[in-house]
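Step one of this worksheet: look at the structure below.
Naming follows writing order (A, B, C and D), and every chain is counted from residue 1.
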Amino acid sequence: MGLDKNGIAQRIAQELQNGFYVNLGIGIPTLVANYIPKGIDVEFQSENGMLGMGPFPFEGEESADLINAGKQTITALPGAVFFDSATSFAMIRGQHVHLTVLGAMEVSDQGDIANWKIPGYMVKGMGGAMDLVASAKNIIVAMMHTNKKGESKLLRQCTLPLTGTKCVTKVVTDLAVLEITPKGFLLLERAPGVSVEQIKNATEGRLIIEGDVPEMKL
Amino acid sequence: MGLDKNGIAQRIAQELQNGFYVNLGIGIPTLVANYIPKGIDVEFQSENGMLGMGPFPFEGEESADLINAGKQTITALPGAVFFDSATSFAMIRGQHVHLTVLGAMEVSDQGDIANWKIPGYMVKGMGGAMDLVASAKNIIVAMMHTNKKGESKLLRQCTLPLTGTKCVTKVVTDLAVLEITPKGFLLLERAPGVSVEQIKNATEGRLIIEGDVPEMKL
Amino acid sequence: MALNKVVANAEEAIRGIEDNMTVMFGGFGLSGIPENSIVALRKNGAKGLTCISNNAGVDGFGLGVLLETRQVKKMISSYVGENEEFERQMLSGELEVDLIPQGTLAERCRAAGAGIPAFYTPAGYGTEVALGKEVRWFNGKPHLLEQAFDASFAFVKAWKGDTAGNLVYKGTSRNFNHAMSMAGKVTVAEVEELVEVGELDPNEIHTPGIFIQRIYKGERFEKRIEQRTVRKKEA
Amino acid sequence: MALNKVVANAEEAIRGIEDNMTVMFGGFGLSGIPENSIVALRKNGAKGLTCISNNAGVDGFGLGVLLETRQVKKMISSYVGENEEFERQMLSGELEVDLIPQGTLAERCRAAGAGIPAFYTPAGYGTEVALGKEVRWFNGKPHLLEQAFDASFAFVKAWKGDTAGNLVYKGTSRNFNHAMSMAGKVTVAEVEELVEVGELDPNEIHTPGIFIQRIYKGERFEKRIEQRTVRKKEA
């Protein structure tokens, strides 16, 4: 029941529009690049300093001088450009990136996001996430609807330390597509085979259901 | 009596030290480049975006894409580099330029400088002068000791709108070399054939004379 | 696939320009000015423009062209007055002029593009530039709070550009073009050579295409020299 | 004539380093880190260092080398913990760690180099990063006041450099190296290829030599890859 990680990525890829510059976070967001719709041209920004990021290199062609923000070896597509970190975050802070896709541990129904720190665990740091969420106009969170204990990750209030406030625009989970509105999570679409009731049960934050909720088309 | 413009420039050139990056203003300061002492390597910064500025180009080799801050066609020396205006003023504000030489209409004995605006006359603007004087650690003013009416330009207080406050380190005029100290203009050197008395008469601001004042060596 | 920002010509490139907008122009003196966009703006006739540009051109060339047609309401510059029409309009009060330090001008462009709404700079403290501005001391030195610009359009000029908007400048004509390209809500780049993506080395691009919304090959570049200073070749 | 910043080797390049200094290290992950300067610092043995670096290296490589010898008192980074020794020292309280947003880290370097003592950024508002920081609203949005770094040394790594200190980076190894090169009171650049002035095109230099005090050709570049991700060539 519900989507797997690739399904979530595939659904998010439908949000890509022609001409978008896109920053994809580590994890599920990275998979979005595999599902770019036909006829849609986008460019991927990697905050360590490049635009026009391509796929992994062929064996033997990898270079320590060409990596993405996840420190993986990658390639550059025609039209790519390299730049320094200050310029990279100028792009992000200056809202030149059209869409940011991030993973999260919790999202609140006001659009707050927590994705960098769990008290009691080794804290690795926020990397570029705080700059991204504080600046981007269009932030989609890609995550599972509930955690491993079955608890909702879509909350009235985040319980973990925040990464940013009032910033998330949409959440795409294994169960649903939801938009953040002033009144809470507006349910836009159900995953194939998932009922509104199941989504209700898995959502702790305020959930708005208006009329018939269509099923996603993948 | 006293130095001409070239003499002032020649004296200022003695202040150049090996390894200095230097910004020369328009007018007398530009002439300093003609008198670099032997064995001293310096590089000239032009605030419109280059380091390693060379002499004027040969006839027929001038380019609209290679000018200095005075909008004159120039050349680039080996080791030169071009950059944008924001980076150029990052160098200036960030105190990476070791010496700035500027012209002035008035200098006060606390190191205030006025060199951009005369009420009642067409105001052309401060260009980069305010950034330069607010940031540079070492600012030498090159100017005539008195104006065309014979009035002192070394004052107790500037009467013209200021370009910057408490910033000038030295003044080199047709008559003298003076250092700005907390107590006023300290007379360091006399121009050849100029008496201390003549300098006294031409200086309205506080003038400090300690012992025998040597004559400049050019 | 790389994005395509190419528009057919200057007329198409300036589409959306409206009366009373704030617009930026790259260039230092006459070097690296967006000549073709300026000519198109003159034909377009938009009036009441607030122009952010380090200089104001000369009579009949550069921004002088828009001054002749009274399309400029206000100039924000660091150094002006190389042209008589400008002087006449300024002295008569027809033209507002806001003179600001050149480094502050450049940094306010860069800040606009970089999402930095305001910053502190020492330039202008103790002068009339400081009037009405917050003063704050850092490291024992007074600084002024300066704000990012807000411009609807930025017009820049580069030497080469590719269809994705990546730009390379030549020599000192880079000047304000780079920071302004970051700052415009719509940035229009005119280039001498328009090439396909892949032709520019990704390591040698000065302005990444993400900052550019429209790019075109300029029809005509006069590239006038303001002060032709040369020396004779020795025999 | 162009200035000469060349020093013989890493040992000479780090001269002046003292206990308890604040020092910067370029690089992102293990890409573009100043490998040779780090090794020389280990030999030098300076202790109590506050290190500003986006990441903290791995066990036995990069800054991991200085962690092993307990030379680091404090790390200022955006993302850490790719190495076990780091984790051990952090959890035991031997090592102070200040985690800050990556864009703020980069901008605080650039600000230090650019003579901007402080600036406003939206990053971190409403989070623990905002604790104790001034909040100010611009354009209807809350921002934090962030200050420029103050570092005695910056260690950077470039692909090519000339004797005057002009630098060219390769690919994504440019990362923090450029902004940090502007920020050090003394900036030390190590390069893979050291060339004469005139060999680099003045139009294609990434970091102007004015920001660099010392340059040397690194003795050995391991250039380790952290995450080797590849695909198979199709037949």
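Quick note on the criterion: contacts are C-beta pairs under 8 Å (C-beta built on N, C-alpha and C of every residue); 3 or more make two chains touch, one makes a residue touch a chain.
A quick note: this is a predicted structure, and the numbers were derived from the prediction, not measured.
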item: Most distant chain from subunit D, judged by the mean position of its C-alpha atoms; value: B
item: Contact-richer chain pair (by C-beta pairs counted) among B-D and A-D; value: A-D
item: CA centroid of subunit B to CA centroid of subunit D, Å; value: 36
item: Chain centre separation in whole Å, for subunit B relative to subunit A (CA means); value: 55
item: Between subunit D and subunit C, distance of the C-alpha-averaged centres to the nearest whole Å; value: 32
item: Rounded Å distance, subunit A centre to subunit D centre (Cα mean); value: 28
item: Overlap residues in subunit C, where contacts from two or more other chains coincide; value: 107, 110, 114-116, 121-122, 169-171, 202-203
item: Shared interface positions of subunit B, touching two or more other chains; value: 50, 76, 82-83, 86, 89, 92-93, 135
item: Touching chain combinations (by label order); value: A-C, A-D, B-C, B-D, C-D
item: Sites on subunit C touched by subunit D in the complex; value: 107, 111, 114-122, 136, 138-139, 141, 143, 147, 168-171, 202-204
item: In the complex, subunit C residues that touch subunit B; value: 28-32, 54, 77-81, 87, 90-91, 99-107, 109-110, 121-129, 159, 169-179, 206, 223-233
item: Subunit D-touching residues of subunit B, taken from the complex the two chains share; value: 19, 21, 41-43, 45, 50-52, 76-83, 86-87, 89-97, 135
item: Contact footprint of subunit D on subunit A as seen in their complex; value: 46-50, 55-74, 76, 82-86, 88-89, 92-93, 112, 122-131, 134-135, 161-166
item: Subunit A contact footprint on subunit C (complex, rising order); value: 1-4, 110, 112-116, 162-164, 166, 182, 196-198, 202-203, 205, 208-211
